[in-house]
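Below is one structure, written out as structure tokens; the observations come after it.
Per-chain residue numbering starts at 1, and chain names A, B, C, D and E are given in the order in which the chains are listed.
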Amino acid sequence: MENVLQKIAGWIPLLPLIGFFINGLGRNLLSKKAAGFIGSITVLFSFGLSLYVFFIVNGGNTYLAHYFDFINLASFKIGFDFKIDQLSSLFLLIITGVGFLIHVYSTSYMAEEPPKDFAKYFSYLNLFIFSMLLLVLGGNYVIMFIGWEGVGLCSYLLIGFWFKDTNNTNAANKAFIMNRIGDLGFLLAIFWLLAKIGTVSYDEVFSAVNLARLSVTDIGGITLLMFVGATGKSAQIPLYTWLPDAMAGPTPVSALIHAATMVTAGIYMIARSNILYTMAPATQVVVAITGLATAVLAATIALKQNDIKKVLAYSTVSQLGYMFLGLGVGAYTGAVFHVMTHAFFKALLFLGAGSVIHALHGEQDLRNMGGLKKYMSVTHVTFLIGCIAISGIPPFSGFFSKDEILAAAFAKNPVYWGIGVITAAMTAFYMFRLYAMTFLGKFRGTHDQEHHLHESPPAITFPLIALAVLALIGGWVGIPEVFLHSGHKLEQFLSPVFAQTNTYVEIHHLKNELSHNTEYILMGTSVVLGIIGIWYAWTRFSKYERTDLKSTTGVNNLLENKWYVDEVYDSAIVNPLKSISLFFNNVVEKKIIDGFVNGVGRAVNYSSRQLRWLQSGQVGAYVLLMVIGMLLLFIIQLFL
Amino acid sequence: MLGTYFTFPELLIWLPLVTGITCFFLGKEKLAKDVALIASLITLGISLISLCYTDAKYVTYNYVSYVWLKFVGNTFYVGLDSTGRLLTLLTAIAFPMIFVATYKTKQQKGASFFGLMLLMQAGLMGVFSAMDALLFYFFWELALIPAYFLCSIWGGEKRIQATFKFFVYTFAGSLLMLVGIIYVYLHTPGRTFEDGTYASHSFALSSFYTSSLSAPDQNWLFWLFFVAFAVKMPVFPFHTWQPDTYDQAPTGVTMVLSGVMVKMGLFGVIRWLIPIFPLATLHFTHTVMILCIIGIIYASCLAIVQDNLKKLVAYSSIAHIGLMCAAIFAMNEVSVQGVMIQMFNHGINIIALWIVVEIIERKTGVKNISLLGGVAQKAPVLSIFLVVIALANIALPLTNAFVGEFLMFTGLYKYNGWYTFAAAVSVILSAVYTLRMIQKVFYGKTNPVTETITDISLNEKLILAVLVVVIFVVGVYPQPFINLTKEGVNSLVAVLKS
Amino acid sequence: MSVSTLVFILLAVMAVGSALMMLLSKNPVHSILWLIVVFFSISGHYVLLNAQFLAIVNIIVYAGAIMVLFLFVVMLMNLNTETEPAKNYRLHLIGIISGGSLLLVLLSALMSTNIHQPVMMKVGDAGLINKLGKTLFTNYVLPFEISSVLFLSAMIGAVVIAKKN
Amino acid sequence: MDIKAYIALSLTLFTIGIIGVLVRRNAIIVFMCVELMLNAVNLLLVAFSKMHSASIAAKTSLTFASDAQIFVFFIMIVAAAEVSVGLAIIVMMYRNTHSIDVNFLNRLKN
Amino acid sequence: MMFSGVFIKSKAVPKYLAITGITLLFLTNGIELYTGHAFVNIDTMQMLSITGFNLIFLQVIFGCTALFFLLSGRDFEKVGEHVGEYFALIFFVLCGVAISATFNTLLLLFIGIEIISIPLYILTGSDKLNLKSNEASLKYFLMGAFSTGILLMGIAFIYGGNSNASFYINSIQLGTGRMPVMITVGLVLLMIALSFKVSAAPFHFWAPDVYDGSPTVFTAFMSTIVKVAGFFAFVRLFENAFGQVQGQWQTLIIFITVCTLLIGNITAVFQQSVKRMLAYSSIAQAGFMMLALFALNVRAKEGLILYSAAYSLATIGLFAILIKMSDYTIEGFNGLGKTHPVLGFTATIFLLSLTGIPLTAGFQSKFYMLLAAVQTGHSFWLVIVAVLSAAISAYYYFRIIQAIYFKEPSAEGINITGISPSFNILLIITAVLIIALGIYPEFLLGWMYHL
């Protein structure tokens, strides 16, 4: 069993890698069909393997697969290990599953690309799957970091996929650099761990012995640095601005990387090191507040966006905020749960949006859409499901996960809950604003667009349907206690992962239980607020007409310009860096240092020119100088 | 035969030296080119073979010593320890790469070009295998002089001034080192030679290690040596010769300079500075580190605003070297191990980077980032290679540089967290300038300059492919290299423990 | 205050005085003549020191040969009139000062010490010609031989230089 | 008679010679000043020889004392040789430039 | 040995005879060095001391002179028609060198130096119609005579202070503790006079002008052989006579050394004429040789031998090339490497050696000097000054190398006359000698300990 697991676990990431190589090297030879097929099939296979692994793990046995020594020194040893347990297997399913659907979707969505780029696209996509799997499978932080940077690279490559346009490449650079900042935090955390306890493998780090060796400041510092990493990857304040720009990439990419999988890496990491966070309450507060703030901020911005993908992007950011809130208040299961559901409905929404954009030949502005209901029914229905799910209306999946987080937040601090619920309402509002502006009313686009309007091909609709189903039922694995005793299958499934935390919580009595009534009340309020949001959006935008008069109240500008965060960053960080570099280059380097070096040479030249005048060419002068020299010597010798 | 008549270090030194001298007399460039290529390949073969004989029982294969200058107790004493082995391997790899990569580029008086190149190789080999201070100094200069001529004869338009600065700079540095060597020499115990003659002092490395130097002496001698090495590396305030020289030198030479020659400085620190002046080292660690870290950030910032592709690479190299130097002075097993492996990796990466830069410059005739763009459309293969190499240069995981930098940072962190934080900023900055370069050069729309550019030829593909393979092999499975250098690391760390 | 002392002082004053005159006189011929006076007084000193041979040689070689040679050259170039252009007085001042201070330094150094060795006067046969002759041709034969080389070279040199071409 | 007197005297003459070399520009005069210096040396040497013969007359033979005088003799020889060459040079220069001002020829400088 | 020198010089004959003469001299000297006893045994009353040290030095001198004759013997005709006389004068100088290398009494030192100087006055002025030459010889003569006066004054005081009244340099009574004032004064005067002869600052002023003014052939001769001979005399005198009170006069030496190094190197930087530049560089090299005087230990003596060989060879070779050239400015060398590869290459070797690049004789000599200086164990900063000035020297030497290799030859090319194959071969031989000395100097130094 063990070595079977080892082999299988090895093959899961290996298959996409192989796909990457085939597509990457043979991209001039492969036809589109072949490339797409290879790309998808490899992922499909690894999805199958993941399922297998999942069932084994569900059987209760986890396994640490050691392949070879990555780095092996006297003072520490980093193995190339895979950790196969509940958490990783769950993520495996999400990644490969959603990944596969999106591959299929892409085969049709990217069809216009020339075969070369088509193959390139799929190779990138496979590479991404590979790195993501590495990230979640990694048996220690270093392997996780390898995947961590790998996904960053892939998102960079895919955002800049259409690199002829400088905006895209700018967005790509921004994404990579912001991620890099986060990665730095992560890296430093790893150094810290190595310096303190000389190991990075999960099992050893979380072993009681090593935890005992870590002081409070250590844990606090390490967790904070890791969280910095998470903010980079998962687009939290202050490093979230890259995600909206990342929408420059192809839509499936946005669905896969920037909604379903990569951006949840941060959550995965924190969930993975849950015990550390549980032991660092200060960090938890930071995480919770950051998450909450991000959720609110992003939601507010999303209210005013007119680019369909931008809206979704901001909603992603805000949902991620939710997850972090969950992590911050210790509801790790809830966070992971939300990751899952979010993966379903957000991928769905993005793909739906993609389908719309595809139908409108790249039109992304909501104001030029509307009334698509009658043209593309499948997309419309699935999209609607997605919207309801995200708005947290039971029994759709979003409800359960979001509710769990909110409940835990309330348990920790009612204020969290209050803000969270308001955000939820906003979410409902802007999602349905989006829905209404897209599908309701009458078409506001140009005529030939209207002419070509059509439902998307099956390759696109099939994933939509699949995801819609998941978005609908995906939440039922986590039915809260209040409804159904031991209905929370997911919690039971994941409990081994969070066992340490739970025991710790037990010991220190950190958990304060909520009575069932309060839970009912909370749910009720959130649902009601959600519905209010939906209703308001419906009434306001179902008959939306193009109006050129812009409402120019301060708040409006603020929101439309995303709180001017980008501008602030530019003026606070980017430009200063540029100017100081220029200063170094033009002043310090050229003038001071090099100036000094050349100055020495010039000094020699100058003194040479001066000394020449001693050589006056007149015997009298020479003798005089000699006599003075004699005088000097005598004085030195006789009187000194 | 091996071990009795010949030893690896001798072969590695004499082969390039002899072929180099012969090259001068082969009039025709083509012929000289081929001879040089073959010779360098044989050298590579030898150094690869030598990897199989690292074991202690092969000591006669790896070490040899003849009496040379009896009066001053100097011997021709060369040997391959683990550090030296790694760097000689790097040298051996570098030259054939360069010869193949620049195979197409014609230069007048080619024969002497290749002759000088081989002489330089001999010098480098000598530096890395010399076990005698005077010998070390000889080779040190022997490596410098050909570089000077190569740069000044075949360099760019401002070559003479740039190279001259480089020369005087390094020459002054090494003279100071010479004085230092003499001073230490006079504090070494006497020795009797194989043939019975007695010298009151000796230049042998071993007796240098056992020299009786008081702490105050060490403190100023340290700087005499360090300046020489710092100029070569170069460390922050002594670096100004480098960008100009790299910019002006012919690319083949630049590859050697940046790929191998800078390692001379690091190597010198590892073998000649720290073990001889342990007290002073401990005393000045912080000073040096702060210099290095300033250098890292400073150079990275400069790299951000460079328009000249070559200067950009030069500054990035300064940043990397600064990190290595800092890591050496952190002086724990991890950091030194990192440096060892990184010396090799940096060599590979920067050479690969230069090859790409050279191709671009040759194809477009410009080296200004601002004038380029859209190359990726015209030369996709080239751009893929560049992206890979550039990412290796910024130490992305699974590339070789990641291993080195990871270890160095870890070790540095063990030494002092704050330094690590400061130095690690370069991780971000390096991403900034590298991506900027990729974007400006390869992405975007094509312009008149890049319209006509064609993709790379087979031999270039071959070389780059080899290098990329090395990059990934070391990046994914670094353990063999770590084992290769372990012994050296331990010995060095042991010196500092005591 | 013996008579010899008196003579010494007289000769000393004479030597120094005439040396100064030699220095100051504008006309080369005059200064040559003054120099001859100096030589004579120095020879006087030799006599006083009972080194007759040197005294004689001094007169013959210097005053006789060398000075005449000088005189001859000067006449040949008929420089007897004032030819030296207006001098640079600042330079002179510096020269005199430095020279004087050199003298002062040396004197102060030498006089401060307590060397009070008497100089044997009017006695001792060291300076007599037979003694010198013996020594010269026994102990000092080698330098004597070598000096011939010197003369030879001087001769050839003079020829090379002076020969018209 | 104390040796100091002689030292003083010859040093004075010597310095006068030096000053002459410093201040005069007529080559011949300068040369004469050099001769004066030599004579000062001669005088001093003779004085020293007598001094020594006074001090060590008792102990040893006086051949020592005559060393110095021999030396003086050689000095004269050399001086003579020098004069011949020197005057030749001066004459040559006069031939070419019709001047014996030492500063007249001033092509070589810096 | 000496007399063979005297003997040959007496008939003034053109080049070939001279060469045979010098080779004869070389051989006799060599044989004597090898066997250890002279041909003509004459009782010199210990006025000459024949030791391995002196003999090896003379060997070097004669060797260099032979090479000098071979390389630039032809160019004597350029100067004037008295070729025979020139050779004769050079032999006189050699005789003087021999004396001043082996002298044992102050008298012979004085005479030796005079025999060196007087012919040099002539040689300097031998280009009679050239005013520069005249000026040079006049300056040289006047200042030389002046320094002779100082030398004599010094000797006089030494004699006066020497309680056992003699001129033998090893019999000077220095007393215990601080040496008597008269000796001190004499010593300083001697030091001044000899520094003048070896053109050490601040008594170097004559050197640039004289070297520049005199015919290049003779400049080559006197800037090398004569100078090192002066040094040899200097070192021997101060080692044998005042060795044990070194501490009392080292300050002066340090002062002189530093002045020489700095003034020589720095002033050389700006020179445009190679000839004049070499004059200054010779001063700079003198500064390095002064280090031997500063150290006065075994290494110093070995270093001095090595230095005289290395420096003379390189400079003679360089001058031999320079003589062939029409214009002496650095631009004159432009593109020499292209038009005359052999000349260019050898010139580069010579320059590298002068700079002190390893594996050339120049490095070994500098290395020995530094070694000796450091060995003294005090005033280390002097050594630092020395190496820094060496770095400066690289600056001006390499300007010529740059001209040779990196500059394009001027349009009409370089007009160099009278390059015979034999000349090239000789140059190469010289270069090879330099390299050989650089690789294995002990081949030469071993002879020191042969006797």
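By our rule, a residue touches a chain if its C-beta (ideal position, glycine included) is under 8 Å from a C-beta of that chain, and two chains touch if they have at least 3 such contacts.
On a predicted model such as this, the values are computed, not experimentally measured, just so you know.
Listed here as common contacts of subunit A and subunit E: B, C, D.
Separation of subunit A from subunit C in touch steps, taking the shortest path, is 1. In terms of Cα centroid distance from the overall Cα mean, chain B ranks first.
Relative to subunit D, the most remote chain by averaged C-alpha coordinates is A. For chain pairs A-D and B-E, the one joined by more C-beta pairs in contact is B-E.
Look at the CA centroids: the one farthest from the centroid of subunit E belongs to A. Centre-to-centre, using mean CA coordinates, subunit C is 6 Å away from subunit D. If you average the Cα atoms of subunit B and of subunit C, the two centres end up 71 Å apart. Between subunit A and subunit B, the centres computed from C-alpha atoms are 38 Å apart. Distance between chain centres (mean CA atoms), subunit B to subunit D: 66 Å.
Across the assembly, subunit A contributes 601, 612, 615, 617, 619-620, 623-624, 627-628, 630, 634, 638 as residues in contact with two or more other chains.
Taken residue by residue, subunit D touches two or more other chains at 3, 7, 17-18, 21-23, 25, 30-31, 49, 51, 53, 55, 65, 67, 70, 74, 78, 81-82, 85, 89-90, 92, 102, 106-109, whereas all remaining positions touch fewer. Within subunit E, residues 107, 111, 114, 118, 121-122, 125, 128, 138-139, 142, 146, 181, 184-185, 208-209, 395 each touch two or more of the remaining chains. Pairwise chain contacts present here: A-B, A-C, A-D, A-E, B-E, C-D, C-E, D-E [touch as defined]. Of all residues in subunit E, those touching subunit D in their complex are 107, 110-111, 114, 118, 121-122, 125, 128-129, 131-132, 134-139, 141-142, 145-146, 148-149, 152-153, 155-157, 159-160, 163-167, 208-209, 212-213.
If you check the complex, the residues on subunit D that touch subunit C are 1-9, 11-13, 15-20, 22-26, 28-29, 31-33, 35-36, 39, 42-43, 46-47, 49-51, 53-55, 57, 62-63, 65-67, 69-70, 72-74, 76-85, 87-92, 94, 99-101. The touching residues of subunit A, counted against subunit B in their complex, run 68-76, 116, 142, 145-146, 148-150, 153, 156, 160, 163-164, 166, 169-170, 172-173, 176-177, 180-181, 183-184, 187-188, 190-192, 194-195, 577-578, 580-582, 584-585, 588-589, 593-594, 597-598, 601. In the complex of the two chains, the subunit A residues touching subunit E come out as 601, 604-605, 607-609, 611-612, 614-615, 617, 619, 622-623, 625-626, 628-630, 632-634, 636-638, 640.
Residue ranges on subunit C touching subunit D, taken from their complex, read 4-5, 8, 12, 15-16, 19-20, 22-23, 28, 31-32, 35, 38-39, 42, 45-46, 49-51, 53-54, 57-58, 61-62, 65-66, 69-70, 73-74, 76-77, 79, 83-85, 87, 91-92, 95-96, 98-100, 102-103, 106-107, 110-111, 115-121, 124-127, 131-132, 135-136, 139-140, 143, 147, 150-151, 153-155, 157-158, 161-162.
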